[in-house]
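What follows is a group of structures, each given as structure tokens.
Both complexes below contain chain A, partnered by chain B and then by chain C.
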Partner chain A sequence: MKTISARQTGIIVFLTILANKILVLPSILYKNSKADSIFVMLALFFIEFLILLVFLKLKKNYPNQTFLSILQKKLGKIIAKTIIFVFLVFFLFKTMLTYSVLFVYLKDLVYQDEFGFLALICLIPVINHATIIGLRSMSRTFEMFYYLVVVGIVFCLAIAFFTDISTPILFVSPVSSLFASAWQGLFAFGDYLVLFIFIDRITIKKGEAKKVMLFALVGVIFVLAIFTIFYSKYQLTSFMHNNALADLLVFSVQFNAIGRLDIIAMLTIMTLGLFQLEIFLTAFCDCFVMVFSKLSIKYATAVFDILFLVIYLVLIAKYEVMISLATSILPYLAIVASYLLPILFYALSFKHKREVKDEENH
Partner chain B sequence: MQKVQKQIEKLKKSFHSTNDFSSRIFVSQKGIVGFVFLKSMIDAQLFSQAVYLPIQKWQGQIDISSLINKILKNNGVEEVAESEIENNILDGKVIIFSDFFEGYISVDITKYPTRTPSEPPTSPVIQGPREGFVEDFKTNMTLLRRRLHTKDLVFSTLIVGEMSQTKVILSYIEGVADKRVIKEIETKIKNIKIDGIVDSYYILSYLQKRPNSLFKQIGNSEKPDVVASKMLEGKVAIIVDNSPIVLTVPFILMEELQSSNDYYTNHHYASLVRFIRMCGLLIAIVAPGFYLALQLFHYNILPLNFLITIADTTQGLPFTPFLEILFIFLLFQILYEVSLRLPSYLGLATSIVGALILGDTGVKAGLISPPGVIITALSKIALYTVPEQQSQITVLQVLFIILGGSLGILGIVSGFVYVVNYLNSLDDYHTPYMAPYAPRIKEDLQDGLLKRAIGANKNMPRSFPNSKGRER
Partner chain C sequence: MKKIINGIKRYPFIIVLVIILLFFTPFALFSPGESRRRAIVIAIGLDKLEEEYEISFLTFIPKPNQEFEQSNSVVSGKGSSVSEAILDAQLTLGKDIGLSHAKTTVVNEKMLEEDVSSSLDYLSRVISLPENTVFVCTNTSAKQLLMATDSLEKNLGLKLDQLISYNANDVYITDTSLEAFYKGYYSPHKSSIIGFIEHVKEESSGGGQSQGSSGSQEAQSGGQSGGEQAGSSNAGSSGGGSAVASSSGQETSEAGGEQSEKQRGSLQGQSEILNKADAILLREGKKVAKLDVDNLNSINLLSEKHSLDSITVENVKCECGKTVDMTFLLKNKQVAIQTDFQNGVPLFIANVSIGVQLTEIDTKGQEIKQNAQSTKISDEIASKLEMKIRSEFAQMLKILRDCKADVMNVYANFFKNDRKKFENFLSSLDDREDYLNHITFMLNMKIRQDG
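Presenting the complex of A and B:
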């Protein structure tokens, strides 16, 4: 079995945390809860962090078993496959959302024209190839690029930090707006779920769980920093800036003095986007193979490509449709996949503990 | 008489009466002694002085034992079975037989033209040993043995090639090299079905798990000091007769950024040079594609003055930027191929014609732009910071020119991620290709892009398996 290390797992967690949150989300949330969106993010991150703990517990209890076999053993074949199917749909739309966010960025800021199919031609073979070669090779690539991504983000933050910024105005939104924001942002979360799918290919040795948590923490800090500096910089006009990380560089003194520094943000966002697509597609394909056990990963990628093309033509080409879907209907899916099911898994790990105890007593 | 004559005729027939097949007969008091050999493979003077004359002058009894122990006192005298006669003759040995004793004696007086070890043209050094491997495998074995003065150094010979019967020697340090790797290599070499091996490159493609891959998965060197140091780390060397290139297995990409010079110079300087090599590699691969991407899709990123320069120089060109870069690239590649194949004096003339006439006149005639020439030339020169990967990088250059020219920076980023993903999927002989960076192996980073002093490398490398290293 080709497994990945705790460090590589941590980097996957870091990359998925940044997915869908550093470009469009800050401006979407600002419309409802202004700069208080930072608190919304904090709360959602806290809940999500608990899911990571659930994963670590499950991993500890079932060190070498696949996700499907764990579920099948405890809940039976049909329920297990149904749960996996829910994940399959969840990851399909996660990939879609990630793609559409990247697509909008490319269309608005990089190519300034209709670019859809060209980007598709470019991205689809790369993410398909990454999925086929497997999680281990993919996570090695992430490991190589990790520091470059970190440097890219830090650079964007630093440039923005040295410009005219003032503290964001906090505590101005009513609680109902915060909840509305949380609902809208819900589908951008649920990132740790990929770990459940990859559970059998992850090796976490004793004491290494902290490493995974540390990477998660770095990811959370980065997202919160982007939100804070973005709101500090654009204040009331934040809702107009759809590409938060890229827009951090605009209007800065250094930006004009050194030359156009878009290239740094551009490379960081493209790399991040590609990696996130690779992770979500791999999770989708793994779910697909678990549900349709007779089909290989190559079939799964082919099915994804067809689905992607159909959904792309219907939804992503109209970016607004995809975003409104992500902020209205998809949160229901997120509630089930990211919150209810992990609670079930937590219960399973307790059940397992009780069974082990019972066996010991016998 | 009849028996010896018959045997000679039989052997001559099996060698298809080849011109260099020779035989001699010596009639003694007891009977007849026959000598058979290939005259193109032996030292004729040594034959008469050390083989024929001593037998002729010998007054005592002639039998196998006396021939080996008393008459012929050379080192390479041994009794061989009848089935081994032909192979021995092909190896350049003289076969002696008689009608009054049973059995065959082989005397090694091989002599064929060999080169003396000299500095290999592909890897010259400023400081450090200048010896290089030669085509003769025995010399190559000696060069390694001189550097690894240990009884644990093992040479194991395999014969490959139905017709060439080439000697392939596996060399490793027992107790240091990983047994699984040795076994795997041995099995792969034994399974080679081929008519002939004329160079180690033939073996290389059989040892690679993905023979169709663009990327090299087996190390190679012409320098005994490099091979010896790799063997000390636990790698297996493969010496192929008639080839001055010795292969080493397992292989990681980082080896291409390392040079033997790095180990004979200050480690701070070596780190700097490795970093420059890394930059050179990146420039070589992506520079033309990146330039095209900026020029065609992202011109707003370029600093204004640079943009004006490009606009000024590309105005009125008959080609699109994409075709222009491809054209210049093709021009450089043709000049390179020509300079490789022409004699050196003509090669110099071609370089001048290429650089001055074609380049300068092309720019003046308004066919190509100066920035295009500079970028392509830069990438072509940068390519030689890692000369071993020259063929792979050239293919990648074309790929990135197409990607940058048709998809912009997204194409470059996607292509780059694709290539790195692919490289990370290579893990021949239990060795991750991109180690020690992916996966990150902390202990081996001290001989990565940043190099620490030799004394600091206290542990065996862990990027690839070796008996002393940790099992990954």
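Presenting the complex of A and C:
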């Protein structure tokens, strides 16, 4: 089995943490909870870290087993497949949301004309290919581009400091608004769940768990820094800006003479978006193969393409609809997939004494 | 061949790649350049006529030349809404409008009689328009200003956004972009500052003969205006400096003569841009006051960034005992803002330490042998300087109080430092928005000599 290292796992965690949080989310959350959205993010990230700990514990106790086999052993075939199916739906919509946000960003700032067909023909074959060639090759690519992405984000954040910023005004929203914001942002979280799907292909040696945690921490720091600087910079007009990371670069009269600095943000966002789509699609296809064990990964990608085209282009069709779904209905799915199921996994991560004995005898 | 086919079979994505290449390469090779399809707009002008909008675009026309000159043209369209006017302009131009490079948005002063944000709504929704677009107002029409801007660039090599950026960085200090306008507009005090560029249009008598004479006059005035422009950078507080560019074109007498010869046939009147670095104070999107450089300097007294200010103190005794006028440059400012409440009355305390440097002595015809650099600032001079700064600050504060416009971040300072008390204070007022009139301002000044 081709496995990925702890470092590569960490990079996957880093990339997924940034998914759907650095463009439109700061603006969406600001409408309800103003700059206090930073606290909402902190709280949600805290829960995410707990989920990461659950994963690491599960991995420690079941180092070589597939996610399906762990579930089947503990819960039986039907429940196991039902849980996997929930993840399948979760990752399908995650991919759609990521695609939607990336597509609208590129349409608004790069292409400006309708280029739906062009985007599909460019993106779909690439992410399909990445999924088919496998997690290991994909992770190596991520490893190569990791520092490029980091430099891109750091550059966007650093440039923001050259313009007028003031500390965001905090503690202005009632608790109910914070909960409303948390609900709206819920579907943008649950990123570590991909690790559960890839559990059998991840190798974490003794002491390497910290490495994964470190990458996760870097991702969280970046997201929180983007939120804080974005709110510091735009303050009351934060609700008007849908592309937080890119907008950090453009609002400055001082940089007018330089030209379009936001090209750095464009490259960073494009790279991030592509990698995130690859990760989510791989997770979807793995779930598909687990549910329909007789079908291969190629069928899974074909099914994804058909589902994507039908659901996204025919039924959802608009960015506004996708965002509205992600902030109103999909949080229910996120509650189940990102919070209830990890609690179950936590319970599963404890081995019965009999299991340990069996393993020792074996 | 068999090997190649087997290779392709092993990697079917090569086929996909070839198909994509075959599909897109002809498009890429035979499609016209982007500039043929899309006009690159570098400045937007918006005018409200009686019942419709007129939008004007200063567009960059990419064409090869050996003079390193950027050729621009102004295209306009009319419509009952801004988006209709844009469509009309697109039809006139025969191209789509690309706003990604638009760095200046100009409106005419008349539009500021009503809430200008409703007219700007379209621009606030266009994501391709950068947020750092400088927002400026002009006294005549935005279209005319853009037309004059073109000549400003040709004659002085100065772009409008560069001129405004200079104002923004050295005079206004506060950002005057479209984004900054919205920030102020949505804030509790609903006030913001935008730049003001004066446009002067003098109608000539027209006709070939008289145009010729006007051309030579322009050439002379061009020499003067060039001098004024050069002097403007040091004339912050006096307000006398102005960058002038005529659309008939003149930088020096000779160059101006040539330019006016070139343009004589095409222009009916003379049109000038006057940059006095004035600004417009807006409240709820409407103009409430026009601020001159002195007012702006007083606002910027509380900003450490601001350094372009000089003050003349009249009738002071110098070390030799004679009465003279002295001009000082204010530099190395240190500002500390405090807020406090005394018996429920909010106090806005500004501790300002200003370094001053003597730059000029008007001897009034007397013979004084004194080194300006080694002149000590006496207590009398310091006191007169302080008085003058205080009186200018008081004048500016009166304007802000009358207009209920808080562009000195008074609200933000109180809100950050003592939120609860400030909320109580605001709720005790009959008119919450009139809080500036109920706040006591304390200006503690320390004047020190700076070499």
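Definition applied: the second predicted complex is superposed on the first by the 342 of 362 C-alpha atoms of A that agree within 3 Å, B and C clash if a C-alpha of one lies under 4 Å from a C-alpha of the other, contacts with A are read in each partner's own complex, and residues count from 1 in each chain.
Keep in mind that, in the parts below, a residue touches a chain if its C-beta (ideal position, glycine included) is under 8 Å from a C-beta of that chain, and two chains touch if they have at least 3 such contacts.
Please read all numbers here as calculations on a predicted model, not as lab measurements.
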Touching partner for A:Ala130 - first (chain B), second (chain C), both, neither: first
Touching partner for A:Asp247 - first (chain B), second (chain C), both, neither: second
First, second, both or neither for A:Met138, with chain B first and chain C second: first
Partner chain(s) touched by A:Ile169 [first = chain B, second = chain C, both, neither]: second
Chain B versus chain C as contact partner of A:Ala119, first or second or both or neither: first
First (chain B), second (chain C), both or neither touched by A:Thr237: second
Contacts of A:Asp108 with chain B and chain C, given as first, second, both or neither: second
Partner chain(s) touched by A:Glu320 [first = chain B, second = chain C, both, neither]: neither
Where chain A meets both chain C and chain B, residue numbers: 121-122, 125, 129, 260
Residue numbers on chain A that touch chain B, as the complex places them: 5, 7-8, 106, 110-111, 118-119, 121-123, 125-126, 129-130, 133-134, 137-138, 140-141, 143-145, 259-260, 262-263, 266-267, 270-271, 274-275
Residues of chain A defined as touching chain C within the complex: 108-109, 112, 121-122, 125, 129, 164, 166-167, 169, 234-237, 240-243, 247, 250-257, 260
Interfacial residue positions of chain C with respect to chain A in the complex: 13, 16, 20, 23, 98, 100-101, 103, 124, 127-128, 130-132, 134, 161-162, 164-165, 168-169, 175-177, 179, 182-183, 186-187, 412, 415-416
Chain B to chain A touching residues, read off their complex: 297-298, 300-303, 403, 407-411, 413-414, 417-418, 420-422, 424-425, 432, 434, 437-440
